[in-house]
Structures are given as structure tokens and as C-alpha cells.
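Residue numbering begins at 1 within each chain, and the chains themselves are lettered A, B, C and D in the order written.
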Amino acid sequence: MTLLDFARGPALQWSLIILVFGVLWQLLGTILIGVKKDLSKPRRNTAVRDGLATIATRSLPEHQFEKKIRFQHFSGYAWHVALFIAVLFSAPHILFFESVLGFGWPHLPNGIILVTAAIALAILFALVIRRLSHPVQRLISNADDYISVIVVIVPLVTGMLASAHIGARYETLLAIHFLSVEALFVWFPFGKLMHTALTFPSRFRAGAAFGRRGVKA
Amino acid sequence: MSVDNAAFRDFRESLERLGIDTPSEVISDEERVRRAKQTFMDKLDGRMAVDLTTCVHCGMCAEACHFYEATQDEKYAPVHKFEPLRRFYRRELSPMRWLFRPFTRDITAQDLETWQELVYDACTGCGRCDMMCPMGIRLSTLINVMRQGLASAGLVPAELQALQNEQRDSDTVFGVGAGKLREVIDRLGRQGIEIPLDKDQAEVLVLTTAVEVLLFSDALAATAKILNRLGADWTMLSQGFEAANIGLVSGDEVTQKRATAKIVEQAKACGARTVILPESGHAYQALRWEGANVLGEVLPFEVLAMSEFIAREIDAGRLKLKSPANGSSVTYHDPCRLGRHGGVIEQPRQVLKALGLDFREADSNGRENFCCGGGCGEYVIKRSAPLRQKAFEIKKREFDETGADTVITSCANCRINLMIGADNAGWQKPVESLVEKVAASLAE
Amino acid sequence: MTSLDGIAVKVESATGNVEPLLHEIRHALKRVADGKEGTVIDLRSLPLAPGEEERIEAFLGEGEVRAELDTFGATVFQETSYAGVWLVTHRNMKQAVLTRFIEVTRTPELLKSQRADIERGISRLEDALAASSKVERSRRESVAGQEIKDSG
Amino acid sequence: MRKHQTLGVYLHAQGVSRRAFLKFCSATASLMALPPSAAAQVAAALAAARRPSVIWLSFQECTGCTESLTRSHAPTLESLIFDAISLDYHHTLQAASGESAEAARIAAMEENEGEYLLVVDGSIPLGNPGYSTIAGMSNLDMLRETAGGAAAIIAVGTCAAFGGIPHASPNPTGAVSVSEIITDKPIVNVSGCPPIPVVITGVLAHFLTFGTLPDLDHLGRPVAFFGQNIHDRCYRRPFYERGQFAHTFDDEGARKGWCLYELGCKGPTTYNACATLKWNEGTSYPIASGHGCLGCSEPDFWDKGSFYTPISAGLWGSRETLIGAAAAGAALGVGSALAARARKKKARAAEEAES
């Protein structure tokens, strides 16, 4: 079995098993710990609307805070948008998703994908440098932060190399790219990458909780 | 007007003495850790579990914190203030606890002692970081669990511990009992301000706080004037007037529950349909939002903050105001637990508008307002005075920027803390009460 | 080809190799003009899309000289419209193309007579001459003999 | 042609002109993927080359490789090179049969001990030796015996090089490649199903010209022909870069000759010279004909999923396993949440008892 066959076959299968297994374990195990019912009389009964609003508004620049977090805010936007474009609209990726999900969608040209991936990578590096140099971030960072950033950087780099056929034979690059993504899958449920699944529930609850007190969160 | 300087000096002196002779409980390190963990286990819920898991350590919360803003010291980053709780969660409660346990350091008594400064001296639970967090994490609730754990471990700072013990053991705060209240009511009665005390039945139950009785009796007088003008069927109760809840701020559930139960019991006894809270942020949180939850029952009356009540009465056309002659300019400081945590943001502004004052909004306000710097009982902790003073500078700068002559607020604690800060800084701007402003402008 | 034409396949491909190749030819031609060495480009070593080879051919056009070599199948040397640029096509005995070169040179090497062949030519020529003189001599001898006979 | 004559002398004797020889040499250089300037070097080497003896063994194979070679444009350059070797044994091509055929092999081996080239097509069964025999001799024995005195081995076709189709799962005969049996001889793998004929002759030409084997890649294939993948040399590559793909074999993209990546083309992971040398006398190759590359020159190409599965798609097992994993994860999640609730309840009770 070649490295690529291993990467596309058993490694992929096991990493997906761990991903799905771990995400559900973490997700249900966390959420189902449960919350006590709030017995206070709500100021207004618009929990769902408030929760949904907060999901949206936490993605918007906020007047009062914006001036202090502009760099993080916009680098955060750019990073996520660039990552999503590179991940979701690259033709080989869509074929991969199609093989797993059973359906696909239109893709963007390779050149655009490469540029967005390069942008994502550059921002990620800037954020890593910030994490290593900013006193607050240095203090609050732990192994999870660094492992998570590595498992995201490596697929980006190997994906770009594979797409441009630089550095090694294509099947080797492709295999390493597969394996790096599989490392990401395996790490995903155990670290902060779970924010992908939990951010919106968390925002929703914050919005609903503040909303019942009459505060826009 | 409104504040007796001699009384203010006396009060500051009494704060200096607070906690000096509080007997400290002798607890072994193991026992401290055990108690803290037990409380953490009890208090951490599914929502907090989600929050702890979704945090990406971006550090933006630091930018929301007045103590970080004032010092730029990274240890004041809100997310760092519940670090032991995060470790506890990963080791003992998270679904993957047995996987994480070998890689996560256990919490130690040393940790708890180190974090005492961070959660009591350097956090007022203002919740500004809750508004900042891009993940929607409610950091203030997590830091509150830290306070609760430390309280169980016997690590409440001595001053706050002294107040807590007093309320738990004798139902008084700052030594203010029924006698002291009666004294003030009698004095006000002599000034022609009538306060009905201990009526058997009343529509409205009005509470006050020890600080109001001691320092801001004008605010109490103002409340009486307004209610009397409205012709309300109201009363105060000598066995249930204290709205302050030291248990809430120190993190001691027993004290919190006891203080709340006392009010609810009395309100039920006199058949009150409305309970009006004095100008106190944490009292509002304790009764309005947490009251039903600590007692485990729905409250049979509505709870209103005085500012909220006034706004409602003005809105209904029952309370008529005359414009002040000079039309001085004011700005409003939102108490965190009334505004951001309580939802009473628009009401005080409506009142100020009705007063016809030249109202000027500070740079930070409403849900994004900066804390006075001494909330959540912090102003009694002597150790944190220099830190509070630095945070006060933020408020001072923002107030000055508005160009307003007067700072209005609606929380006695905010008022004291701002006054102490101003006193120390030699800053001259008066910090006044909203209720007093209204009472002074009642139409003839 | 007619049946293929029936299928509506329209290849719009371009490898992007044609222009660089033509520029390479231009540089090679300049070197030859400066008296330096010629260049040979193997068209098989380049990925070309269908039709691109024809595009190159059409671009270069046909020049004054066309020579044909007939050994193991035909080899055609076609000078293009740019003097010094030759298109050399080697075919096998079934007329299938073996290789195609673009040679940038004054004269393609293979068109020149080869020393070994010249030498072989010399010896063949000598042999032929020797053979023919022998014939002449014998003819002359026989004629002379006849004359002797006749005069005798 | 006598065996110890040089090729130059032989061709001269055949009346081949120097000019014809040079034509031959430049074509040979081209087919060895050498630069045109190497033609002179090739000429010098070839003129002095001695004619090697070649023994060709065919095992578990379909004769496609031999067909590929012999059905190519004869009489051709390839055949000329073929003429330049002494093919002493090839049971499909030789006139002799039975014992006299085997005798020819033995004779060639003895006469050219240590110098002859062994060409093998087909895989070797290691299961029952009776699965494939020649003149009563198992393939394994014949390979071992013949390889013993060979100077080098050329494994022609994917079967001989990597096991090929007989080796495909479940490999009923236990088929293996030459290199899995013979480890002490230089082996050149000329893979492909079948290999491009000029690649076979190119390797022979190289041996003939330089007396050595060409540079090989990590799979033992000549770098000159297998150094680049189909994708890198494919004329449809620009479509890939632009993201223009055929989605089905009869859509607009297919008609316009767009990239076949989505239709499972294995070009990016397949190393062969198809895109430049092409097939059928240089007419075309699979991608030019509108079908993706099958990857036939790569090991185990038959077992890498469907020919029509894109290479970026996973070859993962089944959706059922994922559903199973999801169910197990959910169960564990619910279980640990219930356990957490129980611990919380206990803590709550203790808190109340202690206060």
C-alpha cells in the first residue's frame, strides 16, 4: 500500500470515525450537562430572536469595542473567509466532499483558491506571531492553541504545495495533504477547534440570556 | 446637598477598620481545594461547559476590562481569571475528562490563593467582557463561579468576609439594624417626610440599604417624597428593609439565600404586589434576577428598581415633573448590574429627558459602560485601592470628555466608589442620585 | 477523419507552449547569425495540444528549400519562410512520423554528405572506374586484336 | 549478423549509409528522451556497440506487451533496434517449439553467460507452481534459472514490474513481480498496461548504446520516460488551472476538451510518457481521446478504487461505519453528560449538607 492509498483509505476512514465520534461525544457531553431553568420573570419573551440576533451581531464590528480590537477583528474575518473559500470552493475539495456527502457544488478557479489560501496562511502567521508576542495571549495560550494552529497551518501549506506541484511528487504531496487534514480531523473534537461547532450555540445562549433581561448582547 | 461630608469621612474610616478583627477560619490546604472543587462541580452548568470548550484564547476580553485597560497587566485578562475553573472542568466534569486528566494540572490551594486577588480585587463582575467576547462566552458568570468556589474554600478577603458574616449572623450590614432605620425615619419625619413603617398590608414594599441609611438618607427621603406624591399604598419593614446582599458579591450561597429569603418572606407577609429596590445595582440582580432562582420558586410580586419605577410612572402620566431652573448638564453612569446585567438602561435616560436636563452621553455607556471600578463589593477591599484608583481614571476621563457638570447614577455603591475616587484624585464633579434629582423636581 | 468531425468535439486547448517555442527559435536564430552554434528542438519533448504543431508549422511557413532523404523511409528537410529555420521530419517506411525536429542552422547536419559516405563513395567510384577501365581495356584489346586479325 | 560484430560494422555490411545511420541515431536519441545534441554521442556509442543476446520470458500475462511492441509501426526504428539484438528465445515469436525452443534458451544462456539481457513480461504465481508453467517448468523456476546468468533484467509491463492485474485483489494465484523474486540483478521496470513500445525499445537502445541501464526512479522505472506525471505534461493542464472540468463524458466540458480530473483521471499520480510520446504512431493518448488516465503504469492501479473516482476523493469505507461512529459518539456523549449530572447532584447534596 502506498502512502497515498493509506492516506486516502484507512487513515481517512479512521480519522473521519474519530472526528464524528469525538464531535458528538464532546457536543452532547457538554450541552447535555444541562442548565437550570431560570425562574425569574423575563423582561421580554424573545429568547429565540435575541439568541439569533446575537449570533449575527457578534460577527459585526461593535462601536464601543472596535477601536481596540480592530486588528484581531478584521484579521479574524479575513482568516475565516479566506479559509472557507479555500476549503469549500477548491475543485478537488468539492470532489472530496462529494465522495463523503454525496453532493457537490460549483468551484472557483485554482488561481483564486491559491491566492485566498496564501492570504489565509499569511493572516494565520500574523496571528501566531501575535500569540507569541502579545503578553495577554502569551499568558492565556496553552498546548491546545499551538497544536490547533499547527494542524491548520500544515494542511494549508501542503494543499498549496500539492496544488502547485512544488516540493515533491504530486502523490506524495497529496498524501501528506490528506494526512495533515486527517491530523486536523483527529485533533478537532479534543481541542478548541470545537469552537466551530460551539460558537453559535454559545452566542445564542448569551443572546437569549441577556435578551430576557432586556439587554441586547 | 445630599451628602453629609462628616458622615462620608466617618464611613471611609469605618471601611479602614473593616475586617481587621474578623477571625479567619483555619482550613487545611486539602480541605480548601476539596470545598472549592465541590462548589465548582455544583455551579458549573452545561452552558458554562460550552463556553469553556469554545474559547479560542483570542484575548479580546482583556480589551473590555477596565483593570486591564488601566494597567495593561496581562494577568487581568478576564479569561485568565477563571483559569483554575477551566482546568477543573477539563479534569473533572468535561465529557473527555479521563482523556484530559493526565495532561491537565490539578488545582492547588496555592492556585486558589493566587486567584483570590484576581477574582476579588481585580474583577467587579461588571460583564463588559461578556459583551466583547466573539464566542458569546459569559465570562462574568464563570468568574462568579470562581468567587463561589473561593468563598467555600474560606478565601473571601477579610473585609468582605466580615460583611458577609455580619449579614449571615445578624441580618445587618455595616451595623445598620431596625433601630438605626427607625432613627433615620424619625429624623426624616421631623423634616416632614413621612415614611410608613411596618404597615400590616401594603401594595408596595420599599427596600433600602445600609449605605443609604448611613450616607444617603436624602435618597431615601427622595424615594418617600415620590411615593407619597403618587399617593401609593406603601411601607417599609423594620425586619425586612435591607436590599444589599453580601452573599451575592462574596460568593456565599448561604448568605445570599438567607438575605433574599428574608425580603421575600416579609413581602409575602404584607401582601406586597410590588417590591421597589433602592438605588443599588447588586440588590437588583439579587432579587430581580436571582431571587427566584436561589429560592427555587417564582416570586409572587414584581420587582422594580427605583429608576425603573419612576420611568414607568412618568410614562403613565402619574408623575409630573417641573424643569430645573438652571438646566445644568449631566451625564449618566450605568451601574453594571442595573444596566448591562439588569436591562435598566433606557429608563434612567427617559427620566433624565423628562427632567429637561442637558443630557450628555459618555463615550462608554449603556450595555458597554465601564464599571465604576468598585462594584461587587470590591470597594471595601483595602488592598485593591490603588488598582481601583487607576480604573477610576478611565471614568474621570470619560466624564470630563462629556463636559457635563454633574454625574448622575442610580447605585449607592457606584456613587460611593466614584466619590472615593474623586476624593483621592481631588476631582470636583458632584456624583448625584437619580432619585434625588427627580424628587427635587416634582411638580407642585 | 470525417467520422470524427461528425462528433461535435471542439478542443479549445492551448498549452501555452507555442509562443515560448517561437521565441526560443528567435533567440537561436540570432545566435546562428552571430556565427555561433545551431540549435535543435525535439518537438516530441514538448507537450502540445492537438492543433498546436500545425499552428507552429503554419506560423513558420514554407521557404525556398525542400530536400528529401530516402533511407528507412523518407526524411523531409523543409526550410521555413525564416531562412535558417528548418523543419525536419523523419518518417519510417510506412510513412509514419518518427520524430520531428526544428533545426536552427545554416544547413541541417544530415543534409550534408557524410565523411564516411564520401569515403565509401570514393572507393566505390574508384572501383567503378577501375572496373570501367578494365572493360575499356578489354574492349580496346579486343578491337586491337580484330584490327590485327583484320590486318593480318 | 554474427554475434560479436559491432552494430556499426553490421549496418555498414547491410549497406546502410552513414547518413541513414545518423537519422537512426537522432531518432534513437529522441526516443531515449535525450536532447537532440546527444545524437552524435549515440552514433559513436552505437557504432561500437556489440549485439547482445536477449531472452524473453512470458509468464502470467496476456501477450499485450508483446503485441504492443510487435504491432507498432513495423518495419520501424524499433524493429531496427530489435534487429540489432539477438532475440534468442521468445516463445510467442520464435519459430521453434517444444524441446528445440527450450534448447535454444539453454544454449543462449550458456553461450552468453553473464552478458545476456533477460526480458520478462507477466507476473509470477507463488501460489500453486502449476498455475503457470512452460514446458513443464514453473514460472518461478524458469525465472530463477534464467535470471542467474543475466546481465540485467527488463520487466516489461505492469505485471512483471509490479504484479499487475494477476496481483489485483484477491490475487488468487499469489502473483508477484520480478523484483520480488530476483533481488541480486539490476532490474528495469518498464511498466504500463501495456507499456509504450518506444519505451521498451528506448531502454534496449540505451543498453545497446551505453551498455548500462538508464537512471531509474524509486520504483525502478527509467526516469527518462517515467520522470514526470501525465498531469504535468498533459495538454489539458491549463483547463485544470482554470478550473474548467468535464463533469460527464457528454457534457459541454467534455466536448470542449476540458480537464478530466473530475471524471477520475489518474494523470496527476501516474508517471509515464503517454502525454508526449503518445500511442498509435504518435496519434493520441487516452486523455486526448477523451478518457481519463487509468494510472496503468503505477503499482496496484487495479485496486485503487473506481477508474472514475477523482483522486482527491477519499477511498474510505462506508457511510455505515460513520453512522456507527456517530451513534457511539452520541451514546458516549449522553453517557458522560449523565455521569456529569450525577456528580453535580452529589456535589449539590454535599454543599447543602455542609452549609
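The rule we apply is simple: contacts are C-beta pairs under 8 Å (C-beta built on N, C-alpha and C of every residue); 3 or more make two chains touch, one makes a residue touch a chain.
Note that the structure is predicted; figures quoted are calculated from it, not measured.
Each step here moves to a touching chain, and the least such steps from subunit B to subunit C number 2. Averaging the CA coordinates per chain and comparing them to the mean over all protein CA atoms picks out A as nearest.
Looking at C-D and B-D, the interface holding more C-beta pairs in contact is that of C-D.
The greatest centre-to-centre distance from subunit D, using averaged C-alpha positions, is reached by B.
Each chain gets one centre point, the mean of its Cα atoms, and the points for subunit A and subunit C are 65 Å apart.
Averaged Cα coordinates give subunit C a centre that lies 35 Å from the centre of subunit D. Taking each chain's centre as the average of its CA atoms, subunit B and subunit D sit 80 Å apart.
Put simply, the C-alpha centre of subunit A and that of subunit D have 42 angstrom between them. Contact of a single residue of subunit A with at least two other chains is seen at positions 25-26, 28-34. For subunit D, residues touching at least two other chains, in rising order: 332-333, 336-337, 340, 344. Annotation for subunit C: no residues touch 2 or more other chains. Shown here, the protein chains touch in an arrangement that is not a line, ring, star or fully connected set. Contact between chains, using the touch rule, shows up for A-B, A-D, B-D, C-D. The touching residues of subunit D, when paired with subunit B in their complex, are 332-333, 336-337, 340, 343-344, 346-348, 350-351, 354-355. Taken together, the subunit D residues at the contact with subunit C in this complex read 16-20, 22-24, 26-27, 30-31, 33, 35-37, 73-77, 80, 233-239, 255-257, 275-277, 281-282, 288, 290.
Interface residues of subunit D facing subunit A in the complex, by the touch rule stated above, are 229, 231-232, 240-243, 245, 261-262, 268-269, 271, 299-300, 304, 309-317, 321-322, 325-326, 328-330, 332-338, 340-341, 344. Interface residues of subunit A, counted against subunit D in their complex, comprise 1-2, 4-5, 8-9, 12-13, 16-18, 20-34, 91-93, 95-96, 98-100, 107-111, 165, 169-171, 174, 178. Chain contact summary for the complex, subunit B toward subunit A: residues 44-47, 49-51, 53-60, 62-64, 68, 72, 74-75, 77, 79-80, 83, 93-96, 99, 103, 130-138, 288-293, 296-299, 302, 339-345, 363-364, 367-368.
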